[in-house]
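Working notes, structure below.
When the chains are written out, they are named A, B, C and D in that same order, and each has its own residue count from 1.
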Amino acid sequence: MASKLFAVIAGAGTGTGRAVALRFSKTYPVVLMARRPESYQDTLSEITQAGGKAVGVSADVTDTKSMESAFHTIKTELPDFKLAAAVYNVSSGYMIKPFLELKPEDLDDSLSGSARGLFNFAQKTMPLLLDAVPQSDYSPTLLVTGATSSIRGSAKFGTLAAGMFARRALAQSLAREFHPQGVHIAHAIIDGIIDVPRTSGYTGKGDVEDWKLKPEAIAESYWHLHTQPRTAFTQELDMRPYVEKF
Amino acid sequence: MASKLFAVIAGAGTGTGRAVALRFSKTYPVVLMARRPESYQDTLSEITQAGGKAVGVSADVTDTKSMESAFHTIKTELPDFKLAAAVYNVSSGYMIKPFLELKPEDLDDSLSGSARGLFNFAQKTMPLLLDAVPQSDYSPTLLVTGATSSIRGSAKFGTLAAGMFARRALAQSLAREFHPQGVHIAHAIIDGIIDVPRTSGYTGKGDVEDWKLKPEAIAESYWHLHTQPRTAFTQELDMRPYVEKF
Amino acid sequence: MASKLFAVIAGAGTGTGRAVALRFSKTYPVVLMARRPESYQDTLSEITQAGGKAVGVSADVTDTKSMESAFHTIKTELPDFKLAAAVYNVSSGYMIKPFLELKPEDLDDSLSGSARGLFNFAQKTMPLLLDAVPQSDYSPTLLVTGATSSIRGSAKFGTLAAGMFARRALAQSLAREFHPQGVHIAHAIIDGIIDVPRTSGYTGKGDVEDWKLKPEAIAESYWHLHTQPRTAFTQELDMRPYVEKF
Amino acid sequence: MASKLFAVIAGAGTGTGRAVALRFSKTYPVVLMARRPESYQDTLSEITQAGGKAVGVSADVTDTKSMESAFHTIKTELPDFKLAAAVYNVSSGYMIKPFLELKPEDLDDSLSGSARGLFNFAQKTMPLLLDAVPQSDYSPTLLVTGATSSIRGSAKFGTLAAGMFARRALAQSLAREFHPQGVHIAHAIIDGIIDVPRTSGYTGKGDVEDWKLKPEAIAESYWHLHTQPRTAFTQELDMRPYVEKF
């Protein structure tokens, strides 16, 4: 592996973000990006204790100035490093409500976190990924986390779906523009409940084992996507627990 | 046909909006909504001269206050009328540019016109459509105009696709919530160039006749969608010229 | 309407086939095709009594010789008539069974009725439809009936889905080849239970009214598809009852 | 890794089949299945020389008797082995022709190789895969090779699409039935030209490097799919060269 490569994960809190950070930190220094340091502090310690290198950056992906500043910090912290992988794993806020009880702000929150944030993140990372194309063993990669709502609009989930459809549209458009330039863009449709502390009380499937997605399993597939050679890029895949109805 | 029903078309300028207004005005008084009166003035005259009834309302669908005021005006102009059909035909602004030349405002423009506008329009029209369910011969209908970019993200069309994917997500979510309550929501994927004054100089297909979508043909299918009984609602259909590659 | 045009409906028994035959017989003489005369005899009488013209032809769409003979009969019965519309509405046999209880014959039955039958029917009708292009007010049309299983493979419905996916593939391929030559090919995804004598005892939705698709509503949309001008062909649409989950 | 596990690859000739066999032979004895021994003989030698174990079985997947006999041979050759992975990589015969020049046999060839073959292969392998669920470190897996034509019907490729759509329908239906029982079924949409001797003269993209799919890259992703834990099964993914338009 060429030296001097790093990865950045936006939405590097618990769950998928944390697991992806840990997985990628086996090979690269990783930048953990989240709005508040509390979100990434534990993961940062875990990586450091495991002998990896991690840098925490507090930033709001929906705010271009915050992103400007964040990538300035990254450049200072990791001078001469090229960007091997960027992961967009930000959860948008959203409301599960009958449509007529929603406020315009509910839609805006979803569009901001799901689409505007990815837009800003891609604008900052794409030049760095392009710059890394000649140096990387693996094609520089932008990985985007999607969900069931990325391909299915549901009653009461309309604003979530609006944001996630838009996120998928951006990922697909970026793939069509940048694949030929050697940057790999993949979108993962995560279909099911993720096994994180927040969902520990969920009882969806009774006594069935393993009915929730393990973040480590998702992270392993993200790593695989990153290592795909340019002759066989995956642009989209789904992932769901074996017992999940679909 | 029950008396005292009306239709409202947002984006009632030239092209599809004008043709839909003319078609629906054969049966209902129609409200023509556009940001500027110049956009709907000619269509209004056409309808009036043909013996129909039309009301012009200047409003910005992306602005909730403007929509509040617009629907207040409509109530004043058409007291005691129920809403039979609402058509969302607003074009979002968008830029055809390499991703790295885009500005965050380009994304916002697309999301605003495509998704936020529909959200606001649906919040104002859905209560009226629900209220009309018992009175209408045809199921009250919300028709939403989509495009190729509603289902396909393309290089340089990423912001357009983001908005149109989001619009489709909202339309689909609304259908899943309100179909069981008797309001019909349909999304039309218009795949091709529309034959309007603005596209008169396009020379895409050489001497081939009829290679552009006629707005009147689209309008006729919109009318058909409106008249579908509730035992057989179409939620989505495509329309394209016979020579259009797809 | 130009004189000397006719329509042919394969699978013209009860339900959609019968309703489409009745609807199209308002404008054209219709050929009712089914394996056994019992299937179309009542519809034939209905059309005749309503002042329309109908011809019954017993044929097996999965058998090329039978089709050869059927179209020879049609030519004899309706000399000098051009083909305005062909409707493929044949139900394939299929088994709802766990996969490991299925026999290869179950798959063959589904592929035969769903794909091979459409193939044979299209091979006989397409030359006639092409021949009618210059004479028709409406673009000559091939309408193909699909189902939920056309776009979704389900546990225990695998063989049904195999056939219906294949049918959709053929319809889509035919559209891409023959649209530019002026023949319109549309595929309708009928998503729900159809209200026919055979389903009269179904109790899926309790006391809810209109929870099944009315064949007459489907037929009306088929007629609309037939009348779409070539500037705005619909290639695919769905239809489902307002209370159907999707 | 538990001992006594094997893999079987149908369509184990050159290209994807050969590469998948080589990849899986690093972990499992592999059964190479093809109609003629010439197809798998070289791959068998390669595996043996690399220190792996391979068994060649001549069989026609479209013929149930041949499959019966093939799996009897496998049982004899590998007594006490459980089936860890089955790969269906059979190419159907197909014609690229205008629809009206096709023969019914052309459709049958495509349906046979694409759908009937998978049906027969799954009927023989699924009981073995189910039987291996408790013993395997990785979930027993059925991998199915698809193509662009699995999701897109094209002019002149109608019969190919009919078969490949049907194949995808079967794979999806099997996933919905057997995922909850612990067998993983994944369908790969291979979108592009594969770099095999047969395509060495193709000049699609001029001097562009790596414009064809490398079979080894596909095989690596197949192996990854096989290793996904049951909390995060991928049911479908695409793979295409970075310069492939899509």
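Criterion: contacts are C-beta pairs under 8 Å (C-beta built on N, C-alpha and C of every residue); 3 or more make two chains touch, one makes a residue touch a chain.
It should be emphasised that the depicted structure is a prediction, and the values quoted were computed from it without experimental measurement.
S.K.: Show me the overlap between the contact partners of subunit B and those of subunit C.
M.R.: Both subunit B and subunit C are touched by no common chain, going by the contact rule given at the top.
S.K.: With centres defined by CA atoms only, which chain is the most remote from subunit D?
M.R.: Chain B.
S.K.: So what's the Cα centroid distance for subunit A and subunit D, whole Å?
M.R.: 31
S.K.: For subunit A versus subunit C, what separation do you get between their C-alpha means, in angstrom?
M.R.: 46
S.K.: What whole-Å value do you get for the distance between subunit A and subunit B if each is reduced to the mean of its CA atoms?
M.R.: 34
S.K.: Could you pull out the residues of subunit A that touch at least 2 other chains?
M.R.: Only 176 qualify.
S.K.: Identify every two-chain combination in which the chains touch.
M.R.: In this structure, the chains touch in these pairs: A-B, A-D, B-C, C-D.
S.K.: Show me the residue ranges of subunit D that touch subunit C in the complex, using the header's touch definition.
M.R.: These residues of subunit D touch subunit C: 64, 98-100, 102, 104, 107-108, 111, 115-116, 119-120, 122-123, 126-127, 149, 152-159, 161-178.
S.K.: Quick check: in the complex, which residue numbers of subunit C touch subunit B?
M.R.: By the definition above, subunit C touches subunit B via 139, 176, 179-180, 182, 184, 195, 210, 212-214, 217-218, 220-221, 224, 227-244, 246.
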